[in-house]
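Next come two complexes built around chain A: one with chain B, the other with chain C.
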Partner chain A sequence: MSERYIARSRAVAARVLDGEVMIMSATDSTLFSLSDVATIIWQEADGRTPLSSIVKNRICPEFDVAQDDAYRDAEAFTERLASHGILRISDRPILDDEPPASAS
Partner chain B sequence: MRAPRAHSGRAAAVAESAGVAVTVEIGGIPILLNAGDPEFCALIERRYAGFVNPAAKPRLEFDFELAPAAEPSDEDARVVRKGPIWFFHRGDFQAQWDTRSRRGCVRQSPNPYSLDSVLRIAHSLALADEGGFLLHAASAIRNGRAFLFSGISGAGKTTMTRLAPPDAKLLTDEISYVRLCDGGYRAYGTPFAGELARAGENLSAPIDTLYFLVQGSENRIEPTTSKEAAQKLLRNILFFAHDRDLVRQIFDAAVQFVSSVQVATLVFKRDPQVWELVR
Partner chain C sequence: MSLVQQLNQKALAHGVALSVHLDLTYRCNERCEHCYLEHDDRGEMSTSEIRTLLSQLADAGVFFLTLSGGEPLVRNDCFEIIEYARDLQFNVKLKTNAILIREKEAARLKTLGVQQVQISLYSHQAEVHDAITKVQGSLERTLAGIRVLRAQGLNVSVANVLMKSNASDSEAVRALAGEFGAHYTLDPTITPMIDGGTEVLRHRASAADVAGVFHNSALVGNVEEFCAPPQAVDEGILEGLPCSAGHTACYISPYGDLYPCVQFPLPCGNVRRQSFPEIWQESPQLADVRSIRGKDLETCSACSHLGTCSRCPGLAYMEGNMRGPSSVDCEKSLFRTGIPSAAMMASGRTTRPTFRPSLVQIQLA
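And now, the complex of A and B:
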C-alpha cells in the first residue's frame, strides 16, 4: 500500500466556531463543519505527515478505534474534501512555499 | 464594450447637471452612473428616487453604453476577477470594474432590471472589501434599531413587512444592506424591492437582531447556535463570484457577524402580533 499525504488547500477559508472547524471551499463555495476526528485530520494535514501516521498516532489513541477502520474512514473523508478542493492528496510529500489555510 | 472614460470631478458634475449622469447612493456608498442618455438617466432617477444624491462624492463610477432592448435574463450572473478587474455578465448585460481606479463600464439595454443586477454586484464587491454584505432578508427599523428577517424565497420576508406596524420603518422586503461601521453593524435601506414592489426608506440603524424565518402555527423566538447561524447566513448572502479572496472575505464577514450580532430563529404565523416579539 502506498502512503497517502494530505495538505490543506490554499483555496479555502477556515474558522473555529462553537469549538468546531468550519471550512468553505473557494472552488464551489461548499461549506463544511468538521467532526472531532475530521478536525484532527484537517489540523494535521501538513503535506509531510502520512495519513497512516495521523490515524495511528492521533486518531486511534484519542478515540479508541481499530486502526484499519479508522484509516478507511479517513481515506473516505479526505477524498470527499479533496473533491471539493479543500484538501490535496498525493502519494508523496506535498511541499509548498506558501502556508496552507489554517483555522483561527 | 468601450473602456471607461476619464472624468474629473468637475466633468462629472457637468454631466449630472446636463441630465446624462446621476449619483445613486445606497448604503452610504455613492456610485456615479454616467448614463450618457437623458431618457435612461431619467429612468434611473425614477427607479432610485430617494437614493439619488447629486451632492455625494462618488466612490465608484460606471459609464454606460446602451444596447438594443433585450429581455432580462433569468440565468445567474457570472462574475470573475482577472487581476485588478472584475468582469460581470449575464445574457442582458456586460460590465467590468477596475478596483484600482474604482471605475467601470456597462453595456446593457435601457431597462431597470439589468441595472439593478449590476448595482447589486458592484455593491456586494465593494462591501466585501470592508466586511459587509448584501443579504436575502427583509429589514426594518423599530425603536431606533434594525431587525433583519432572512430566508429563501417563500420564507416570509415580504409577509413580515406587510404585517409590520406603522411605527416600523421599512428598509427593504428583499435585499438587506449590511455594513461594518466603527466596529458595529448597521443595516441600510435599499431600493431593491421584492414582491412588495416598494423601495425601502433611505435610512440606517444599528442592527439589533437577525432572525431566520420559519412559518409555523404560533409566534415564538428560538435560539440558534453560532455555527448554525453562520451556515444559514452564508446560504443567504448574495454571493456572485467563486473567487478565492472573495470567498475568504465573505466567510470571515459571516463568522464575524454571527459572533457580534444577536441571531435567532423567528417562528411566525401570518399575524401582526408577531411584531410584539420584535422590539
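And now, the complex of A and C:
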C-alpha cells in the first residue's frame, strides 16, 4: 500500500466554533462541519505526515476503532474533501512553499 | 435545518459575531447618484490598524468578512489586507465596482481564494449606467472587470439597485449577469445618507416598479408563496429576533466606528479606542439592540406582517425608533401582499409612506 499525504488547501475559509471546525470551500462554496475525527485529520494535514501515521498516532489512541477501519474511513473522508478543493492528496509529501492553513 | 442555519444558531448561542462588514474606505472612483456615503477621507484606519483589527476578529470567531467601501480597491494596500484576511482563514467577500480590476488583479483575487466578488451594475446601457455612476466609460470598465474575474473562475455576483432611472433595465441586467455566469441580486431599497440626509431617496423606483420586482418569479421564486398574505403571528415570532444585526453580525467603518449593521448607524464603540471583543461584549448599545424581541416592537408587534416582514431595525432607527416600524419595509409588505401594515393603518396611510428620519447619530473618530 502506498502512503497517502494530505495538505490543507489555501482556497478555503475555516474557523473553530464551539470546538467544531467549520470549513467553506472557495471552489464551490460548500460548507462543511467537521466531526471530532475529521477535525483531527484536518488539523494534522500538514503535507508531511502520512495519513496512516495520523490514523495510528492521533485517531486510534483517542477513539475506540480498529486501525484498518479508521484508515478506510479516513481515506473516504480525505477524498471527499479533496473533491471540493479543501484538501490536496498525494502519494508523496506535499512540500510546496504554500503555508499550510489552519483554523483559528 | 441547513448547515448555515446551524452555524448561525451556534454563533447566536455563543455570542459570536459570525459576519463582519468592514468598509476599508469611503473614497470612491464613482459618484453614484443614490449612494449613502460622503466620499471624503476623514482619517481611515491604517494598514497596521486594520491588521490588528482582523486578528482580533479572527480570534473572536468571525468567519464571514465582507470588505467594501467606497471602492476598496482605491486603497493601495487593499490586496495586502485581503491577503492578511485570507491568511487568517476568513471567508472573504469583496464588494467593488470592478473598475480597477484587470487580468492581474483578477488572478490575484483567485490566488487569494476570495469567496465572492460582488459588483455593482445598474444597467446594460452605458448612457444609463454611466449617468448613475457619473463616470463616463464606467459600464465598459465594469463589464471588462466582470469578464476577467469570470475568466479566472471566480464567483461573481452582480448587484443592481432598482431606481427610477434604471427600472426598465433590470431584466436586461439580469440577462447580462446570466451570460457571464454570475449571480444576480436586485435591491429595491434606497438607503438614506449615512448622515441622515434624505436627498438620495428621490431616486427611489416607483411603487409599480417595486411591486413588479416582488411579483417576478425570476427574482423571488414562487410568487404565490412569496406574496401570500401573512400567516397568524405565533409565540415563536413574538419571541423572535428582528434580524442578525448586533447579534451575529456588525459593521465597522473605515474610521473604526462599530455599528450593528451598515444600515444601522447606532454608534456602539470604536475599535481604535477599544478592542473588538470589548465592544462586542460590553457595549450598552449592542446590549440594547440584543434585548429587542418581536413582542417589543411598537406597532409592529400587533401587525399581521410581523413574521414575514423584512423590517430593518436600522431603517427604523433612522426614522427615530429602533423599536418602531420602518416605513420602507411597511411599503414592501404592502407591495408584496396588497395588505397595509399596522403602522400604515394607524397613520391612515395605505399607500406609499414617507420616510421621515428624525434621529441619526454618527460618530466619526
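The rule we apply is simple: the second predicted complex is superposed on the first by the 104 of 104 C-alpha atoms of A that agree within 3 Å, B and C clash if a C-alpha of one lies under 4 Å from a C-alpha of the other, contacts with A are read in each partner's own complex, and residues count from 1 in each chain.
As a convention for this text, a contact is a pair of C-beta atoms (placed from the backbone, for glycine too) under 8 Å apart; a residue touches a chain by one contact, two chains touch by 3 or more.
If you're wondering where the values come from, they're calculated on a predicted model, not measured in any experiment.
Enquirer: Which term applies to chain B and chain C once both are placed on chain A by superposition, clash or fit?
Expert: They clash: once the shared chain is superposed, the two partners overlap in space.
Enquirer: Could you look at A:A82 and tell me whether it touches chain B, chain C, both or neither (first, second, both, neither)?
Expert: So A:A82 meets neither chain B nor chain C here.
Enquirer: Could you say whether A:C60 touches chain B, chain C, both of them, or neither, answering first, second, both or neither?
Expert: Neither partner.
Enquirer: Is A:I94 contacted by the first partner chain B, the second partner chain C, both or neither?
Expert: neither
Enquirer: Does chain B (first) or chain C (second) touch A:L17, or do both, or does neither?
Expert: Touch partners of A:L17: chain B and chain C.
Enquirer: Using the superposition on chain A described above, determine whether A:L31 touches chain B (first), chain C (second), both, or neither.
Expert: Both: A:L31 reaches chain B and chain C.
Enquirer: Hey, what residues of chain A end up touching chain B and chain C alike?
Expert: Residues 10-13, 15, 17-18, 20, 22, 24, 26, 29, 31, 33 of chain A touch both chain B and chain C.
Enquirer: Please output the residues of chain B touching chain A within their complex, sorted ascending.
Expert: 225-227, 230-231, 234, 239, 242-244, 247-248, 251-252, 255, 258-259
Enquirer: Chain C touches which residues of chain A in the complex?
Expert: 10-18, 20, 22, 24, 26, 29, 31-33, 99, 101-104
Enquirer: Looking at the complex, which residues from chain A come into contact with chain B?
Expert: Listed in rising order, the residues are 10-13, 15, 17-18, 20, 22, 24-29, 31, 33.
Enquirer: In the complex formed with chain A, which residues of chain C make contact?
Expert: Listed in rising order, the residues of chain C that touch chain A are 3-4, 6-7, 10-11, 13-14, 16, 18, 58-59, 61-63, 86-92, 113-116, 155.
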